[in-house]
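Following this message is one structure expressed as structure tokens.
Order of writing sets the chain letters: A, B, C and D. Residues in each chain are counted from 1.
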Amino acid sequence: MSAKEAVKEPSMLKQKEMIARNYDLLTSKQEHGRAIASTFVPGNLNELIMCFDMLNNLPEINAIQNGLRRQSGGMIMDAEKQGHSEDVCTYVKADIGMMAKGNIAPNGKPMPNPDVLLLSYTGCFTFMKWFELLREQYKCPTVMLHVPYEGDGKPTKNMRDYIVRQLKEEVIPALEKASGVKFDIDKLREILKRSAAAEDNLVWVLNSAKAKPSPIDSYFGGVYYIGPIFTAFRGTQDAVEYYELLRKEVQQRLDEGRGPMTPEGVELTEQKYRLVVEGPPNWTSFRDFWKMFYDEGAVVVASSYTKVGGMYDYDGFRHDPENPLESLADYCLGCYTNRNLPTRIDILAKYVEEFEADGLLINSIKSCNSFSAGQLMMMREVEKRTGKPGAFIETDLVDPRYFSAANVKNRLESYLQMIDQKRRSKPAAA
Amino acid sequence: MQTFIGIDLGSTTTKAVQMDSDGNVLGRGITNSRSNYDTAAAVAKQEAMVASRLTLFHRSLSGIAGADTVKAFLESLERNFRLVQFLEQLQDLEKTCKRNAENPRFDSIRKPMAEALDEVFVRLGADAKTQFKPGAERKSDFFRDLAGSRYMHFGDEVAKEAGLRFDDLLHVYDKSIIEVENRPPAGDLRDKFLAALDAVKNEGHVSLGASEMDTLITGALDTGLDETYVVGTGYGRVRLPFPKEHIRSEILCHGLGAHLMYPETRTVLDIGGQDTKAIQVDESGIVANFQMNDRCAAGTGRYLGYVADEMNIGLHELGPMAMKANKSLRINSTCTVFAGAELRDRLALGDRREDILAGLHRAIILRAMSIISRSGGITDQFTFTGGVAKNEAAVRELDKLVKENYGDVTININPNSIYTGALGAAEFARRAVS
Amino acid sequence: MSVITAGIDIGTGAVKTVIFKNDGDNHEWLAKRCDRIRQRDPFQLAERAYDELLEECGLKRDDVAYLATTGDGENLSFHTGHFYSMTTHARGAIYLEPEARAVLDIGALHGRAIRVDDRGKVLTYRMTSQCASGSGQFLENIARYLGIAQDEIGPLSQEADDPERVSSICAVLAETDVINMVSRGITAPNILKGIHISMAVRLAKLLKSIGATEGTVLMTGGLALDTGLVAALNEAITKEKVSVVAKGHTESIYAGAIGAALWAAYRHQKLAKLGHLAMAS
Amino acid sequence: MPSTAEITARCQELYDDLDFTYAREWKAKDPSRKVVGFLPVYVPRELIHAAGALPLGIYGGGESLEVIHGDAYYQSYICRIPRSTIELGVTKRLDFVDGMLFPFVCDVIRNLSGLWKVMFPDVMVRFFDTPQNFKAGVGGDYYVHELNELKEALEKMAGRPISDDDLRNSIKLYNENRRLIEEVYALRMREPWKAPSSEVYLLMRAGTIIDVEEHNQMLRDYLEATKAEDRPIRDNARIVITGSFCEQPPLNLIKSIEMAGCYVVDDDYHLVNRFLVGEVPVEGDPIRSLVDAFLTSSVETASKYVPEEADKGQFLVEQVRRSGAEGVIFAAPSFCDPALLDRPMLQHRLKEADVPYIAFKYAENSGQMQPIREQAGTFADSIKLWSETSEAAE
């Protein structure tokens, strides 16, 4: 990442500062004594954690940070040396490897152990094993919140009741115990109000990509936009402000007919291809990966990855202060990977249509069965429904061994040339 | 005249196709790929140009001589041309081998080694004449293969006679052949053709008058073949010294190439040295979908290469041997490197070579079927391209499996199928100008 | 009373045969021989080698108390018993290098790391997977491609000044990587060293995963003779901050056969004690 | 009375038959009959049986199915069972199946349920979830609802109601099945040479294919037949296999382990047969009984959460102790997240208990047995050469 840094927009600076502050808070636990909960991005109950004045440490985010800094490769190898299989999710191994290396946070200070593991079991099997593994190391209280999978594509009352039951009988008591703070439902309502406000602006920003040219990149830029709301900031005033700021900036680009900014500081305004992307990005070569897109004039107008930590556009879900626990349950149930395949197909097909995309590109992640198992069928179904061609590339999240730049480039280029050739042959139809 | 050239720099072979402005193929050239990509591309291109010249000879001669004469003449011309070319390269090889034999490693055997090399090359030179006799059959047209197998043969003889280790002679060869084949092609084509024409005269099989000769030379040899536009493709394309707009992805080139050969093609399967690609094209040859193997070379052409090496036979002998199988054994591991081991395992269990080979071929095709299925299945017509299309056992298995899974579809296999990518590239070159 | 035992190791690349005379804890190595298989029937080869070797020692088949096979020798018709490769390599390694606490057995297609105790007992092990990435065969192919003889690989590799790592995991695609490197003008020593480093890193990982953290690691199998690999391995081990030293041994290639012959002696003794001698002859 | 060889041959025939002739014929006997396929690890077969349907275990395509279309649905880094299952579907080998249950094991089978819905819209397809919370009032209540939903779906499919007595009767039959299966396992623990692991394996697989009453008879016959036969004792080590609860290893692998010197004295191959431990009460509300059995007396396996850290892995340790095993072989399918993520934790527990173990991976169509023999053989060698116990066994 030696390339020169682009001009930073105010929202970027704000986010950077928020993240730094949170890491500083986490690593200075000794001083302030606030308890720490660890949990996952999908089904992240940040509002609830905030109710107990606890800090939220998300191991996936640490893995991403380590991936971006190209530290993850070594950590994964360390975990494999400890006997973890080559075949399993690399987020887990990066996390375990990080522990072996002294659990150093991105700010260079050691990360204190969590006081409670909040196993919000949402949309991914690996989560369960991940926290069983951490529990073995930390020997700390662990509380399971089982969020049933929407096998039939919709949440049922039984599912919601089950989650609320677990919140009341398992999660809340465990958090009370870990933090020493009593649960206050009114405080939760307050926080949820702020969540909903930020969510409105996020959805607006994501929908701005319907414009041509799109003022944002909904994947490579998108992963930054979802940062606060998917992590330790949903429900904070900071998040509310961040999304207001972001919306203003996007509004301005929209008004001026400008495209998103690339890391090299140029605007991608000449957008030759509009794509919908399914699947998480690769983090270890994030910049190179992105460059392959903008070098060809490809912009991502919608993506499913920006819905893993909460789905706010498809069926309009918002956190609801009137029904706090129920809305937390609905939030968990609706996370992207907790939805069944027919629903995921529907979501993607609608994106292709509503964002007038040229096609669906799937970045299939070796690590992630939750995302990846079934994606080939999804691609074909979306092609069938939209009549737009799909493409399939394979990489990994944080394992540099599984990012073959030449391969990805070859596939991406072939795909884009194919779209191009198609367009040229039927100028009238297009 | 204007010509358009497509170059397909494959992992195993490099192919070139030269086309005129009407889209007629003038010549095709092929060579083995090597570490110097520029040289590989240059050699393939030169080979295509040689073939183009032969086409021109054909064209200009057709007006003035009977069909049999034309045929005999062209046969003799090409053969003699190849001989001239071969001797030139052999000379280079000899010089290089002698230089490499001066390595301190051979200090103790310097003299016998030098003598042995002299002897080997004397025999090779004499042998070349028989190899290129009228009607003689050669194993391959690549200098590396041709010189290599003869060198092994004479090297073994000479080493025995001189009491030297064959391994040492072999080692000198291994080192030298790399140097030789990575040197850009030397010499002028025109001179070589003139020399070959002389040889044709001397052979005396074909009698042509002086004026006819002149017409030929001006009509065929002196016609300019401009390289109007060149397009490169293949896995090594990014390393070709071409600007970006002269490069096309191999998927597009294969799609278009297959379409040119068989306009009704809707599904293309290409099995090359390192990759297997399945491509769906529409009625104008535009790619609609594709799949290829990546990260793992299991079940590609190289797989057969390993098997052939293991059995110590030529690639082109594999297919015929597999055809003699009584049954096809089930082979599960398609890991290219383990293919040899699996073969050995099976032989140890008492299975027949032919049956194992049949199983290995089926394994490759099964993998290809998966990739096809991933790309969207097979729609009539189906075209099979790439080096493995030359293998009859692979073709037989494919035929069976296609019929079983997709019913009665037309399966096209062109004798020039290995040039599909280069053909597509040449067409892209032609379109870029028109 | 001394007993004669023999060990035959049938590998993918070569058949190794040894004969021992054992007297309690004294083992005298009488004879050895290694035949490269090269498309021949390994069982016939083994039988011939065995008989010729016996003759060399002035012995007959009947003089041998226990013939143990290892490697792919399970089905050899005239053996007394069979031990699996890791069992025998462990024992052979201790014989060759009594200080060894781990064994790295790298042959044409396999790689195994074995942790052993001072009596040659296998404590833990790891094998490379079914994928042939980083195998000896691969190195052999590359050397051939570069025009380098097998015994030159090691010395050349140690001349490297700027080794270039191979990125592909696949042994076949890595060949293209290497061709690419040559095309970029990378020198043979740097390429070989690069491959050695890739292999060494994996092997070091293998070693670490079996918990080999101190003492000597003895390399057995054909690649133990590759000094370049041994050097790269020691560098990789140092990087991993593990205090072991990897060593080759001139007789490393016989480790499996030796182990088989020695276990044969042990087993023979045990069976004799139990009165099962009939089984052993 | 049939011999073990005859029983095994019958089981092998059922195992090899990827056209599911037995189930097809069973169904053809009566137009009201239905067949419900299910994948590993666990479904309450009692409920399916009570609906008058045949529960049919679908364990992928095994070693003999040539997968051609399946790879079009799954990337190379996903295990084999979903792709061969898809192959079975695409090649119409499952066209007679009226319903398919995809139980919760991992995300692969979970997602396969959606795939099936898209590809086979005429089949009753359900993702079957079991609770990860084991309190009667929390997970229990949820599970009661889930089972009732499943019951309604089955009733709709079968076109008839399932009465409590139907269900009680089915529970009774499966209780008998569980008892007999435990007897076979106990026999093998005592005298492993009398019940080779490949035979037991096939016998257990048959239980997932044929009607429960028929299987009960088969089990009785087998137990009887082993008594009558004398088989040679071999100098083998005693081991437990774990991690093979979903995609199944090829039969050759199971045989290779034994050939390399290991007696398998316990395993987790067809866990559905033994998922509920002991008898399910026949009195009272039968749905509640099934729920309670699941909550309080079911096996520990990777896809079930273990609420207390201290309990994790104890089931395996207990299995080793009870079966008198000398070691554990972790045999997991390649790319199997549940088995492979669980493995380090189980290994820690074994280490604490001083139980030796080895681990390897397989695929249902693995062809090369050499590495497997090598590893199992070395393991057996080391137990035999070094452990004190096997000295006596000689």
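Heads up, the rule we're going with is that a contact is a pair of C-beta atoms (placed from the backbone, for glycine too) under 8 Å apart; a residue touches a chain by one contact, two chains touch by 3 or more.
All of these numbers come straight from a predicted model, not from anything done at the bench.
Trainee: Determine, using the mean of C-alpha atoms as each chain's centre, which chain is farthest from chain C.
Mentor: The most remote chain is A.
Trainee: Chain pair with the most contact pairs?
Mentor: Comparing chain pairs, contacts are most numerous for A-D.
Trainee: How many angstrom lie between the centres of chain B and chain D, each centre taken as the mean Cα position?
Mentor: 53
Trainee: In whole angstrom, what separates the CA-based centres of chain C and chain D?
Mentor: Measuring from centre to centre gives 39 Å for this pair.
Trainee: Taking the mean of the CA coordinates per chain, how far is chain A from chain C in Å?
Mentor: 48
Trainee: Indicate the whole-number Å distance between the mean C-alpha point of chain A and the mean C-alpha point of chain D.
Mentor: Taking the mean C-alpha position of each chain, the two centres sit 36 Å apart.
Trainee: Using the touch rule from the top of the page, what residues of chain A touch 2 or more other chains?
Mentor: Residues 82-83, 376, 394, 404.
Trainee: Provide the list of chain C residues touching at least two other chains, using ranges where the numbers run on.
Mentor: Touching at least two other chains: 72, 129-130, 168-169.
Trainee: Using the touch rule from the top of the page, what residues of chain D touch 2 or more other chains?
Mentor: Counting only residues that touch two or more other chains, chain D contributes 72, 361, 366, 368, 370.
Trainee: So that we know how the chains sit together, what is the shape of their touch graph: line, ring, star, complete or other?
Mentor: Topology of touching chains reads as complete, every chain touching all others.
Trainee: Considering the complex alone, what residue numbers of chain C touch chain D?
Mentor: Of all residues in chain C, those touching chain D are 72, 74, 82-87, 110, 121-122, 125, 127, 129-130, 263, 266-267, 274, 276.
Trainee: If you look only at chain D, which of its residues touch chain C in the complex?
Mentor: For chain D paired with chain C, touching residues are 260, 358, 360-361, 366, 368, 370-371, 373-375, 377-378, 380-382, 385-386, 394.
Trainee: Mind listing the chain A positions that touch chain C in their complex?
Mentor: On the chain A side, the touching residues are 77, 80-83, 86, 401, 404.
Trainee: Touching chain B in the complex: which residues of chain A?
Mentor: Per the stated touch rule, the residues are 376, 380, 383, 389-390, 392, 394, 402, 404, 406-407, 410, 413-414, 417-418, 421-422, 425.
Trainee: Along chain C, where are the residues that touch chain A in the complex?
Mentor: Chain C reaches chain A through residues 129, 167-169, 205, 208-209.
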